[in-house]
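The following pair of complexes shares a single chain, subunit A, combined with subunit B in the former and subunit C in the latter.
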Partner chain A sequence: MPLASYQTSVPVVVDDAKCIADKGCTVCVDVCPLDVLRISDMTKKAYMAYDECWYCMPCEADCPTGAVTVNIPYLLR
Partner chain B sequence: MALDEIVDGLSEVSCDVLVIGGGTAGPMAALKAKLKNPKANVVLLEKANVKRSGAISMGMDGLNNAVIPGYATPEQYTKEITIANDGIVDQKAVYKYAQNCYKIIEELDSFGIRFLKNENGDYAVKKVHHIGTYVLPMPNGETVKKALYRQLRRARILISNRYMATRLLKSADGRIAGAVSVNTRTAEMLVIKAKAVILCMGAAGRLGLPTSGYMFGTYENAANSGDGYAMAYHAGAALANLECFQINPLIKDYNGPACAYVAGPFGAYTANNEGSRFIECDYWSGQMMLEFYNELLSGKGPVFLQLKHLHPDTISEIESTLHKVERPTRGLFQQGRGVDYRSESIEMHISEIGFCSGHSASGVFVDDNARTTVPGLYAAGDMASVPHNYMLGAFTNGAVAGVDAMEFADSHDFAEFDATDVAMERDRVMAPTRREDGIPPNQIEYKTRRLVNDYLQPPKVTRKYELGMRRLAEAREDMQERMIARNAHELLRALEVQSIMDCADMAAHASLYREESRWGLYHWRTDFPEKDNENWFCHTLLSKRDGKMTSEKRAVEPYVVPIADDEKDLYDKQRIRASA
Partner chain C sequence: MSSPFESYDDLEDADERLQAADPAERRVAIIALGHSGDPAAVAHLANMVADPDAGVRQQVAMALGEFDGPEAASALVKLLVDPERIVAAAAADSMAEFKDPACAAIILPLVKHAHAFVRMGALRALKELRCKDTLKPALEALQDSDAAVRVQAIGVIGFLKLEESIPALTALINDPDAHVRRAAVSALAFSHMKPAAETITRALRDSDWMVREMAAETLGLNANGSLAADQLIGSLGDAFWQVRLKAIRSLGKMKIERAVRPIGNCINHDQANLRKEAAAALGEIAHPDGEAFLAVIADDLDPDVRKNARWALQQIAARKARAGA
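And now, the complex of A and B:
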């Protein structure tokens, strides 16, 4: 069966100006219980790669520069 | 390298004690095992990262079941938990927990985790349960994981993050021999030989689908997909009372606790749309959940947690806990809805179903030494059958498991497993990556969990269950023959769906076996609406025999703490009677 992807607005937002993943930081990627954050090959910044979020907060709480914001997933809001 | 690219590989390591799951019970089990024999190798395997994994990822607001001298006795606690579970309790394990938990509290205190004290320096324990007083707030509860992690590093526990265990290995004579695992970011496989294995893999929390429709908006940490239940089942271990589902009263849509255990002692209470109380006690029991369910359906709903009558300073104090610990996005959620606790009540709903002994009684069967029915295999925390054990139970029983498992490892050599078992497991794990075309894991998961909601959630109707099992069998065929995973992350989800499917089958099988109603809403069978103590005052044990799912009765062990006849039904009287 052929596959299609569909759009979804993701709850975790990263401020590229504050994110220091390009300097080697991987804290948010490391701590996420659902393993949904990654470092972008293009921007070298962290981003939410998979919309599978428990809106639990370690990524935001542990980010050393305050670059990560956890929002409530749209379907729950 | 492309995102989560699959690497084909298999390696093998060995250790004395393998602890699977680094949430709450797991770190304590690993720590106690290592302290028991500092020369031994203890590996702590974790699907996520031990720093932030499990139910207490962001800490916990308090202890819900602290048996503290001067406030409660082990006898009283054992009695309360027995009554709250309709009598189906092997008291020995509960009593042992009640005796040991104060020592664990003192130990946690020495780790730097603070508990609320009054002006005299005594623990400020609050009453939430029907009979006794066991709730102890934790003013710096957000630091629990950090404090535990420090202890693990100090004891030199070997931590392997981002490895998902998939199956247990056994020797020909049935003893535990280790586990097979897979890296969640590369799909490389790792076989871990071990003399003893402790399963601390949390609840089966991704079983039902939350009413929001968001698959990961579950009550439990959504990483808790029931892998431990599935692994224990396939290893031939017995699982107890799986029909005693977990269903909880939660903030509607947000799907986290409101939380009456925090707010109740300050004077908050559960009320219907008329503003009236309808339950005697906010402690989570099946009987309480049945009244909650009935109120929602009666036309007197919605149901609310009422706090607006409290002093604004009190509300600020409650908020400072609720919006900081356990589920800190609660505040963000309420803000988005424009709900201020000072002027508006919190709309409540009931959660999806799951397995979790932390709040109910559904778990891998263990005795009072945390031993399962497989020699060398242990279980603790939300996935082991000690009922209502919450966070403190996970710590306390994790400690018991750690010590006993190390004693077992010290007196046994490695058991030999069959290499073909590993080869077969590798084929099963990697199968979704070897298909060109098919159905992605998220669709199979959604369908499976939607079927769980449609057919398995209470009230349990035999005919619905029969239909549900047929539909689940069809979904299983799709999962086994057609599921695809295009990268290592999708493979993680594909493996989780297989745990979810196993748990759905077990939930259905166990529920049909017990032909009575018990534990309020948790096991309400419309075809057998009455409690039947004559035939069903027993545990049910589910296990895999000759490849088939089977259930059997197991007698309740003689009580350590006797229950008087007039006490037995105290939890049945949850509904507030209209006053004359």
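And now, the complex of A and C:
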């Protein structure tokens, strides 16, 4: 699976200010069926490591602080 | 990376984190306790219902939803009356998951609470407990000034399925709120007595299309629904196709042969769902007169309509074969 070496837009966006992954939360990582979310070693916040989203939404729905937003493509809405 | 939640085997560790100064750390500890599934975690969670942070209390309410029983109910009752709406809403959602009838006695006093949201949440939680003691308070709640509370009270009564509640449900057919009337019609489905079927039949003439839709659907589930076959056939001319669809489905389930032609007349409708339902109903009835109507949709653009038409023709052919034999 190719990794982007530059900043790009991905469907799952995490608001670092709200994310509490640095406190030990891993809810979004645990619920993702495709295992595309990770906790950054640098920022200690959740982020989308692989752009393979199914738009199934549990990461957004289960995030305890509402930090995760899944941007669903217009044609899938 | 291993999940920190997996290292919460020892509840003492969790307790330590529940006392953390940072609300985010307390939230993470609460999530861990909820995920643990350990009944001993309930006591630790119950100690957090008075946390100064609303987000933490909301998390406690969500975590308690993973458990069942009086101890979790006692904690959630305190959170349901929380002044923060997000906390109370999470508590209401969690309480609705309870299945242990022993929770009923703890939740029942809230049915008389001053706030409508609390009364609604309590009745919603009582629904699935199916405890006979909840009938009287639920019947009283049918007179509540808040329509959402009345809807939940109907839910409690509907789940109990007691014939003695039919007069009270019947009276709600004249409620000013359409959601209440719709819920009452739905709740009457369980009754095998004639008065219930008559009340549902009257609802086919309701001013709100969603009530009429529910009535058309419920008649198909009711033991005496076939008594209203003529009224259901009349509903095939309803202004809303959603009502017509449910009427077609019910007539098909009841195998009303005189409905073949009126159903067949709906076979060219713009809505593929309606054509599909009409084909299925003609198959359920399996009267040979349905063949001519089914031939019209044999090459329908919608594959589901074609599939139902094929199935319906098979049913008619099988009936003819049985009659021939």
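One rule holds for everything that comes next: the second predicted complex is superposed on the first by the 64 of 77 C-alpha atoms of A that agree within 3 Å, B and C clash if a C-alpha of one lies under 4 Å from a C-alpha of the other, contacts with A are read in each partner's own complex, and residues count from 1 in each chain.
The rule is short, and it goes like this: a contact is a pair of C-beta atoms (placed from the backbone, for glycine too) under 8 Å apart; a residue touches a chain by one contact, two chains touch by 3 or more.
It should be emphasised that the depicted structure is a prediction, and the values quoted were computed from it without experimental measurement.
Look at A:75: by the touch rule set out above, it reaches subunit B but stays clear of subunit C. In the superposition on chain A, contact is made by A:23 with subunit C only, not with subunit B.
By the document's definition of touching, neither partner reaches A:10: not subunit B, not subunit C. After overlaying the two complexes on the shared chain, residue contacts for A:65 are found with subunit C alone; subunit B is out of touch. After overlaying the two complexes on the shared chain, residue contacts for A:31 are found with subunit B alone; subunit C is out of touch.
In the superposed pair of complexes, A:55 makes contact with subunit B only, with no contact to subunit C. On subunit A, the patch touched by subunit B and the patch touched by subunit C overlap at residues 30, 38. Of all residues in subunit C, those touching subunit A in their complex are 1, 3-5, 22, 24-25, 27-28, 31, 55, 59, 62.
Touching subunit B in their complex are the following residues of subunit A: 1-3, 30-35, 38, 49-50, 52-58, 61-62, 70-73, 75-77.
Within the complex formed with subunit C, the residues of subunit A that make contact are 20, 23-27, 29-30, 38-39, 64-65. Interface residues of subunit B facing subunit A in the complex, by the touch rule stated above, are 3-4, 48-49, 51-54, 57-58, 161-162, 184-185, 212-218, 221-223, 253-255, 327-329, 332-333, 336-337, 437-440, 489, 492-493.
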